[in-house]
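This is the structure I want to talk about, given as structure tokens.
All chains are identified by letter, namely A, B and C, in their written order; residue positions are counted from 1 within each chain.
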Amino acid sequence: MARPLELHDDRLFPADAAVRGIARELYGAVAAMPVISPHGHTDPTWFSLNEPFGNATELLLAPDHYLYRMLYSQGIGLERLGVPSRAGLSAADPREAWRIFAANQHLFRGTPSALWLAYVFSKVFGFEVALEPETADLYFDTINEKLASDAFRPRALFDRFNIELLATTEGPHETLRHHHAIRESGWKGRVVTAYRPDAVIDAEHESFGEALETFAGLTGQDVHDWAGYLEAHRIRRAAFIDAGATSTDHGHPSAATADLAPAEAEALFDAIISGGVTPERAELFRAQMLTEMARMSLDDGLVMQIHPGSFRNHNRLLFDAYGRDKGADIPRPTEYVRALKPLLDAHGNDPRLSIILFTLDETAYSRELAPLAGHYPCLKLGPSWWFHDSPEGMRRFREQTTETAGFYNTVGFNDDTRAFLSIPARHDLARRVDCSFLARLVSEHRMSLSEAAETAVDLAYRLPRAAYRLDAPALSPQTLTA
Amino acid sequence: MARPLELHDDRLFPADAAVRGIARELYGAVAAMPVISPHGHTDPTWFSLNEPFGNATELLLAPDHYLYRMLYSQGIGLERLGVPSRAGLSAADPREAWRIFAANQHLFRGTPSALWLAYVFSKVFGFEVALEPETADLYFDTINEKLASDAFRPRALFDRFNIELLATTEGPHETLRHHHAIRESGWKGRVVTAYRPDAVIDAEHESFGEALETFAGLTGQDVHDWAGYLEAHRIRRAAFIDAGATSTDHGHPSAATADLAPAEAEALFDAIISGGVTPERAELFRAQMLTEMARMSLDDGLVMQIHPGSFRNHNRLLFDAYGRDKGADIPRPTEYVRALKPLLDAHGNDPRLSIILFTLDETAYSRELAPLAGHYPCLKLGPSWWFHDSPEGMRRFREQTTETAGFYNTVGFNDDTRAFLSIPARHDLARRVDCSFLARLVSEHRMSLSEAAETAVDLAYRLPRAAYRLDAPALSPQTLTA
Amino acid sequence: MARPLELHDDRLFPADAAVRGIARELYGAVAAMPVISPHGHTDPTWFSLNEPFGNATELLLAPDHYLYRMLYSQGIGLERLGVPSRAGLSAADPREAWRIFAANQHLFRGTPSALWLAYVFSKVFGFEVALEPETADLYFDTINEKLASDAFRPRALFDRFNIELLATTEGPHETLRHHHAIRESGWKGRVVTAYRPDAVIDAEHESFGEALETFAGLTGQDVHDWAGYLEAHRIRRAAFIDAGATSTDHGHPSAATADLAPAEAEALFDAIISGGVTPERAELFRAQMLTEMARMSLDDGLVMQIHPGSFRNHNRLLFDAYGRDKGADIPRPTEYVRALKPLLDAHGNDPRLSIILFTLDETAYSRELAPLAGHYPCLKLGPSWWFHDSPEGMRRFREQTTETAGFYNTVGFNDDTRAFLSIPARHDLARRVDCSFLARLVSEHRMSLSEAAETAVDLAYRLPRAAYRLDAPALSPQTLTA
């Protein structure tokens, strides 16, 4: 007999009855609030074309590196899981891949993936039994059948998920035609883009040269000239703003910034563009470009997001065979205090600038990030990120940042996901964990219940709207909690 | 209608009823014990002159960088908050500054500042409604009125706060006349000094040259000569001991120590004093001076305190306009194991030496500091410091140090504050958090209730007295818990 | 009247009644399971000779650096505690040493030593009163009397402790005659060895030259020749496998690995062996040898254990007087992501390779180790180690690794001890803490009770058997939880 699928109403709340009661009350007021998703990696073509998703494996397993990296860590090859490689699509039978996934659910015990999957299986697809070998085919067939129905097309799910805003991420070398198509379609869903220029800023990126060419083509600029290169950024930023963007996003190996004299910056650019890329020059150029991006933000108002600290594509053989983003990106120690100083010295006190910082190195929370965000007007802390987008990770984030930075130098939740169906699961999890943290403060008489209730709403809804400037004019702190 | 001001009797105790009951019992036995404040930054003139404090803004907001850095982080300029700048006193209306503070109390939710303020407002001033825009003027007027009364003069508050000993911090280039005046006044309050020689040791300190001149004047030594410079330290240390000092305090960027051969040390000093200051020489000189200070402590018995790891004055524009200590000091990663080895190799096993270590880098607690303090006879751990002087910070300190260093290689609480009115609030908070930690150990049967009761008293009272050698002769571990 | 000795049935379980009930239920099913001890430092002569242990001080205090380092940290000289020095055996009266230990039990409050001792005193020796000055002699006499009885000989205790397998650690330069003697004795206890080649790999080890000579003698190889040196390793590994070894163990200062071209590796070896040892060469050689060891593991199947990050013999004077392993080894920051890349690039995807990683730097748990183990098929995480083999340390390990690596990339518990009598205490503690963590997940509806029950058994028994390849063939993940 199949095990029941559990999705308890009190999941993620603290065990103590009194604290749980408070958490439940706080959560009750935010559970149904609209989802604000200002940072993520969903595919805009889903919403422009609104075609049905494929099968269970293709939608849920093969694109989700959280899932297949765990299977891979136990010796299960990616070729068995339907993951496409550089050689092309996987030859694996989707049903067989799904069965392997079903047989290894124990690997996900205690992980956020297990919680997200339970939500998706229960709330989105309506299963009442758990996924295990005996139910693998039931799951596979049921999911596929539902996906073929109109109610499971992307726009229908978007509406059902109560998403108020969803941001995707595009590069300046990419067209925004799917965003335009969405706008022109008359559909009311608010899907916007975000400006992620890594491919044209990171000279060590494998697509750097190719991306630059497209960047030139799209802007009509000579991007091999420093002034033309900067102008091309300005042009594309304006185009992104026109497609709804309110933010930029920068995924660098470190948080290094630089503020070179103009002639030095130009000489550095010239050296790189003429083929003289060294690791040191590439790092300095990325650093300089963060400051250049900040300067452009002073003019056009785009909020900056800095996501540093991942050693990308750590597994050489896997990268050679499968390419980027295959679950082999590993965090490294990340320093912020010296790294950000050049940018902060230049523009750190300018009220027009807003920078949201993320980290994969939790040691920076209490030591560096909360003290920085608790002082500089331009800095805010993004939520716990990637590996730390999890109940324990979120709890550590709040425990280690709140006492120094407060709640109001944070920006609410980002789902940061390409797994569209998991979006409501992730926001629900974040709201539950935040309400649990607040409930502990209330139960320990460190905050009143009314303050906690106001803060819960701010974290779920008002702070992301304000931090990502989704309204004009930006909310002031006072109006925030009014 | 104004919200009530909450200061619950069970605040900060764990929510679980059984654990809370134990915490309450442990706390009950230490709540009324005298305050030992062996490390802090109050102004001795308060106690020598005993003049009334000024208004609410001047006393509570403008000097407290915990408060105004948080307001500043949300874009509220220091000039609006009454904070004096290099240009002189602030032109802000104190009442207007107070109103801004009142309107932004939500920023402090979840921070220790909120807890300290609630204590001060409730216990010291007797408010029963919370500070918010509607009560800003009530607060401002009531506080000012009370401050004008005799019961709120410094000495009266000192007595009311049940302070058994209060240490201030002075430099060797500063006179101790206010300490002498206190002694000569006949008032019985025990206010002592501590020897903080950073300004005459740190060649990168902006007042280094000036401080050296005064140092020479006060000691009659040629402080530009290595032997004279060291002799001047000995002379001032003796004067500080005469003014009640039992400790020195060293706030360095890193924990580096050195033990150069005498000729090398002298050559380094000569290079620095003749204008050859480089970052490397300044660092090495600070390192060498920690070992020199340790050697002097072998003779005169002063306990050393080492407070490393802060990047001072990180915000360049703010430093230029407002000067030091304006909430822009940011912690950095801090290494202890290699850094302290030269000093420890020289004197680490000498029973006459006692060094209290602090950190802003919590990663060192379990990795470096607890193993060091759990082995070396000369090392003890100071309490969680600065940004970590908070409920979560204190909890992490105990959770991450106790299993390796025990309780008896720690020294009880330091308030480390210049906010005099917050002293009882801070000690009360520390006692509550320590009792909560002990209560958890008792409830999990990891310690008996009688052991926890003894330990609670040791943490609140006996350990600081012993660690700071406030009695002669020093207490041995056995007598400690007798 | 003496205080009772407490060893509560619910010790270490969370205080909340509901969570405690779940923890108790989970623990009930694993409490009596056999002990698997695949990594430790007990003395094989105990089991080959089966002679009675000496007195209480000699057995419990003098060899246990957890205990005497804490006493030393409070100024109690090792010479008073019966600890042997380079000059020979201690002249201290064992009874006097025991009395000092008894008088300082408060130092261990809140430490795992206190919990292990309580278990040993209560369960192994049957005491009902606590150790304190008044009971010091009672303890000393009772323990000595019991140790003289047959029931307290090593083999009898081994059986009583329900140990299914116990691994000791030997170097390739040591004979395995005690292991052979155990086998030949007909006694059924499974005591195996593990291959710890540090002394012949670490050119900075004080016994390097001497160990190499014995290594040559035992293998008949020219170990001063690169090929002969590697062949000698293969010969000794085979001999260790014959004596039951299933693993190697590598205690290096860092986690550095290297994969030099063969000619480079040989040149490096030649430089070292001909007396050209520098810190850089020694580090590179240790790094290269980890990869060489991995290559040999591909052939002979030994599981690798890497234990990096300790600064050995930090206290110079103590090392000079007392030698190695005297409680003065201090952890340092330890990096894994770049360090392991050369080895992983070479063999990280080979299903024949299994590497168990340990750390003394808890910051690596969530940042580096869990992401690495949650991806690479060859990597698993060893339990929280040394200073972190404690309730809070184990809790942090689970909280910081599970969400990314799951439970099934960890290997269960290692006691890692030379304190034989503490083995059941340590495993009992680990099982209680793991069950408490699982109970929290169940109570927060993050895992079902049946999943938790299965996982508890896996952590206590199945995972160590599988990870250390104690059965042939190795268990697959599916059979693991079948």
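Keep in mind that, in the parts below, a contact is a pair of C-beta atoms (placed from the backbone, for glycine too) under 8 Å apart; a residue touches a chain by one contact, two chains touch by 3 or more.
On a predicted model such as this, the values are computed, not experimentally measured, just so you know.
If touching chains are joined by edges, the resulting network of the protein chains shown connects every chain directly with every other. The rotation relating subunit A to subunit C, fitted on Cα atoms, amounts to 120°, rounded to the nearest 5.
Mostly differing positions are employed by subunit B and subunit C in their mutual contact, as under half of the interface residue numbers are shared between these two copies.
Distance from the subunit B centre to the subunit C centre is 40 Å, each centre being the mean of its Cα atoms. The set of subunit B residues touching two or more other chains comprises 14, 16, 333, 363. Residue ranges on subunit B touching subunit C, taken from their complex, read 14, 16, 18-19, 333, 335, 337-338, 341, 344-345, 348-349, 351, 363, 366-368, 370-377, 379, 398-400, 402-409, 440-441, 443-448, 450-451, 454-455, 477-478, 481. Remark: subunit A residues 3, 6, 8, 10-17, 69-70, 72-75, 103-104, 106-112, 114-115, 311, 314-318, 327-333, 360-363, 387-388, 390-393 touch subunit C in the complex.
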